[in-house]
């Protein structure tokens, strides 16, 4: 139904979606110029929970920044801390034991499933269905329980250390994760029947919220957004970090460019994450979780380092400019949702407000991560 | 490095009229008060060590040409940021580009501008996604992006007149 | 004539009590039902099974201050909730709960229900416009266009039933379906083979007319905040809420009367008000069940459903029934 | 005659109808917008319907002529409302105004 | 419920007593309804904001529906509610929302007939008609028509079938015409 | 025309599948914990706010070196100490030695981010995590913990 519409001047009005609006999942504000229910022009206004994490990264020592990264994205925190420890390991040349890398991969993938599950629930809630959120949260609680038993916290993990991990996993973790995999597969089938097959759901997403591949490129969209536009891009495959080259997994890609494609990508990604976890548990080697020799004070040599990781929302990059001291000289966080959200203004022009908000849901926004 | 990346590199090299050897090493230990300065040019980097492959430094005037080369080669814009080299009295803008397909190549384009009058042409005409990144960099560093259609604070409050990532910023 | 009006007055008082009680405890049932569907207990702290939750909520609503937003059209803002509540309660007057329990049996009872139902649209329109809130205006325009387009297939279906039963009196309609369940309008007969489809159609229309999920576009909370009652608090909101639930009871009652044999027992034994209530509450349960299962439709999907699917089918059904009635 | 028995009196209805008619006339001459005039004309139609109904009830009880006339008036009123409003919207689209003064270029 | 069953009500109220009270109630309700009609009409023809005028019109129509009920024709009363309140009022309100600029500009100089002159015109018409109504001797028939739906239906489809068909044609043309006019200028 | 009806029927069927799923869930037991009436035990590794660990004598093991204070990213730990001289027997002769004794250990829980850097940085294993999680108050002051006091209360 969306498309170019003929608008006469003076017929529009301004609608403020947010900063407190149920669909924006936080404090995002979109100023929309509306013609009836059609959006003529949209302007996103950010910064309502901007906390200047980059400055904090500059005036604290490297270990002190560790907890900050999990505050970026409270849903998929481990992916972000993973990126942080990786860039500093790259800069300071710290070797990571294999066991630690495997545990990192397993926990990150668990966290990715948790994040996708919550997105799934919230997305269906954006469309007006409340019950799937509750089912998704129930499954997510399993993951959070597993992770809590290892890391000690439920959302804002501070688990990875430069060179390894805070503590080792135990047998309970392994058995609980093994038990979780078949359960999650069963649940995914249930979601498929309850939500994916639902005619109302499909009618609301099929062909709605088109984000073509070229727009993704121009705006730098990554993650499920670009994969839903037919772009086979996954940092885990593209420039394999950690031990991801050891795993056999697929990158789900859909070519429809619509909200349904993005939804399907994420649902398939959960399945792929389960595969990674399965393989990781099988291959988990014994050994230490921290390197034998690790500098007491981390002082990366002078230089400019970049590290990208695939988080639940897309490619997360950290640029670390070091001047050789114990603080970073420049600590740039390239958050995926920031780029994904920036295309919203252009993509939603001419859409109905319902569809635009459904599309916004399909972008999987976490506002603290955009605002940093 | 595949064909496209080689050709991009060559095209970027062609931007510089007389190829001078790029010096990247710290000049000497005694140059304490000044950061090492790098001459403009294209530099190849080890991906495993740095996380990027091609490192280009150029003058603001050549930026658009370089970005167009990168755009034509199908790169996507990853981020734009700044670095405050206060000892050199310079502000550096850093553009990260990457590719979607599986031949990994990350290009970093840097350009420096004087700290007192920081001015860099906008690339939002080529990459509309740069709009937000440039606004953010303007927020944090005060770099003016010439020709940007809507250079108002994005993450900072609309009446913010300070630039928190400048090294001489006192909260 | 005089006595009928006096009767009606007394009945209105009873109807208000019935409607208020129903509204209160349907909220409770809704929340408990939603809780069970979502694997959680729902309200269970106040009183046994949380049964004291509705009075507590009511007290809270009454104790709150009614704020009228600046710039709002005060008169319309205040009148709208009343206009939403009153017709809903008035409609109870004509509904026969059993052979004897009916306040005022009119021989055009069905039409009267629809007349009162059409007032609800006006209330929503005034509420949205009067509160001078853009979300409210958008929601009210949506809700009204929705209720207008769903009244058409609903009325056409009712006309089909009126043709079969030959009366517009709700009591007579039920009487025409006396006996076992095979006599109900729900089940196909020679003259009306498409009746189950008609029932489904009527069910969908009732969902839409009462602004229930998945058709609750008037208060689509994820895009229009709270729709036409965004600005209402206190009892203004309470009246809208009660009106909504009263409308649900009326809609399901009408369904029971038109299709499910009213107070008749499925097996032709002991007809009575309890059968009526059982059927009504089963239908209300299905409303709750549907609400907590499906996502919301879009506004154009909704209108397409009405104009492209429901109206053609109901018209076809009307013509078919008319033809078959002539034949048999 | 008791004031409570007014409803059994023909004149009550006629006077009421006359009052509504007067309001309709007043609205029609004073309103300057198309919608306002439409509202006023609805009042006039209602006034005439009341007259029909009243005469049907009191002077000609047997035939249902009055009621049928009223029903026809309703149908006409509905049609008039639909047409009038679509014209209003079309005029608004073209002139950005529903004020009759602004529509002078519609003069032949 | 049969009025005779009401004797269980507290006190010694019998059906006859109740009937007396009921007559009073009926009279009072009639007066209230007349007041609703008149006040609604006044709002409808004089309110500044058009939305209020529509609200007044709706009130007026509800009152008129009640008056039809008092005139022993519940069917027409219901139709009045259904058509006037449920359809005409909502359509007018829709039109106001669609075709009223947000910032109501000040009306220009009043027309020649507005103000006192309009009032005089309206008053002349009103009082003329009232005078006519009071001075004419109507022959009030003692019989009361019960307004049966059946007779209306039979009449519609026999005596007035031609008019009925014409009216339906008019409605159809109105629907199509308004669609054509309303869609014009809209590309979607 | 054929797709018209098959679409309707397929759509209805998908709705029925959804209804059957929620109907099955309706009869399953609830999975939530009625929180204020029932609480869950925290796991062994749960990281609440920090607590001091006592030594054999019931005194804090902390030697007031201040490592935790320096490691803390949010600066929520403040401690004070005083020097106490004591005598020890070294190779048969009594020597007077000085030792720092902890006099104050305040944790400002309002700014604590529960990262665990303090526990990790402690070289004397003098800090641990508490298992408390239902900390709620309407006053900020309730979250300024005096850990020495808490230790005393635990011992008494």
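Which chain is which? They are A, B, C, D, E and F, in the order written, and residues in each are numbered from 1.
Simple rule for what comes next: contacts are C-beta pairs under 8 Å (C-beta built on N, C-alpha and C of every residue); 3 or more make two chains touch, one makes a residue touch a chain.
Nothing here was measured: the structure is a model prediction, and the numbers come from that model.
**Student:** State the smallest step count from chain A to chain F, taking one step as a move to a touching chain.
**Tutor:** When the steps are counted carefully, the minimum from chain A to chain F is 1.
**Student:** For the pairs C-E and D-E, output the one whose chains share more C-beta pairs in contact.
**Tutor:** D-E
**Student:** Please identify the chain with the largest separation between its CA centroid and the CA centroid of chain C.
**Tutor:** Most remote chain from chain C, centroid-wise, comes out as B.
**Student:** What's the distance between the Cα centroids of chain D and chain E, rounded to whole Å?
**Tutor:** That gives a centre separation of 9 Å.
**Student:** Suppose each chain is reduced to the average of its Cα coordinates; what separation in Å results between chain A and chain D?
**Tutor:** So the centre of chain A lies 63 Å away from the centre of chain D.
**Student:** Which integer distance in Å separates the CA centroid of chain C from that of chain F?
**Tutor:** 52
**Student:** Just the number, please: Cα centre separation of chain A and chain B in whole Å.
**Tutor:** Between these chains, centre-to-centre, one finds 26 Å.
**Student:** What are the residues of chain D that contact at least two other chains?
**Tutor:** 93, 96
**Student:** Of all the residues in chain C, which ones touch at least 2 other chains?
**Tutor:** Residues 37-40, 292-294 of chain C each touch two or more of the other chains.
**Student:** Among the residues of chain B, which are close enough to touch at least two other chains?
**Tutor:** none
**Student:** Under the definition above, what is the set of chain F residues touching chain C in their complex?
**Tutor:** 8, 15, 18-19, 21-23, 25-32, 34
**Student:** Across the complex, what residues on chain C touch chain A?
**Tutor:** Result: residues 34, 37-40, 134-135, 138, 142, 213-214, 216, 220-223, 225, 292-301 of chain C touch chain A.
**Student:** Looking at the complex, which residues from chain C come into contact with chain F?
**Tutor:** Residue positions touching the partner: 33, 35-41, 44, 289-290, 292-294, 309.
**Student:** Can you list the residues on chain E that touch chain C in the complex?
**Tutor:** 1, 3, 15, 18-19, 21-23, 25-26, 29, 49, 51-52, 55, 58, 62, 65, 72, 74-75, 78-79, 81-82, 85-87, 89-90, 93-94, 97, 149
**Student:** What residues on chain E touch chain D, complex-wise?
**Tutor:** Chain E reaches chain D through residues 23-24, 26-28, 30-31, 34, 37-38, 41-42, 44-46, 50, 53-54, 57, 60-61, 64, 67-68, 70-73, 75-76, 79-80, 83-84, 87-88, 91-92, 94-96, 98-101, 107-108, 110-111, 113-115, 117-119, 121-123, 125-127, 129-130, 133-134, 138-141, 143-145, 147, 151-152, 155-156, 160, 163, 167, 170-171, 173-175, 177-179, 181-182, 184-186.
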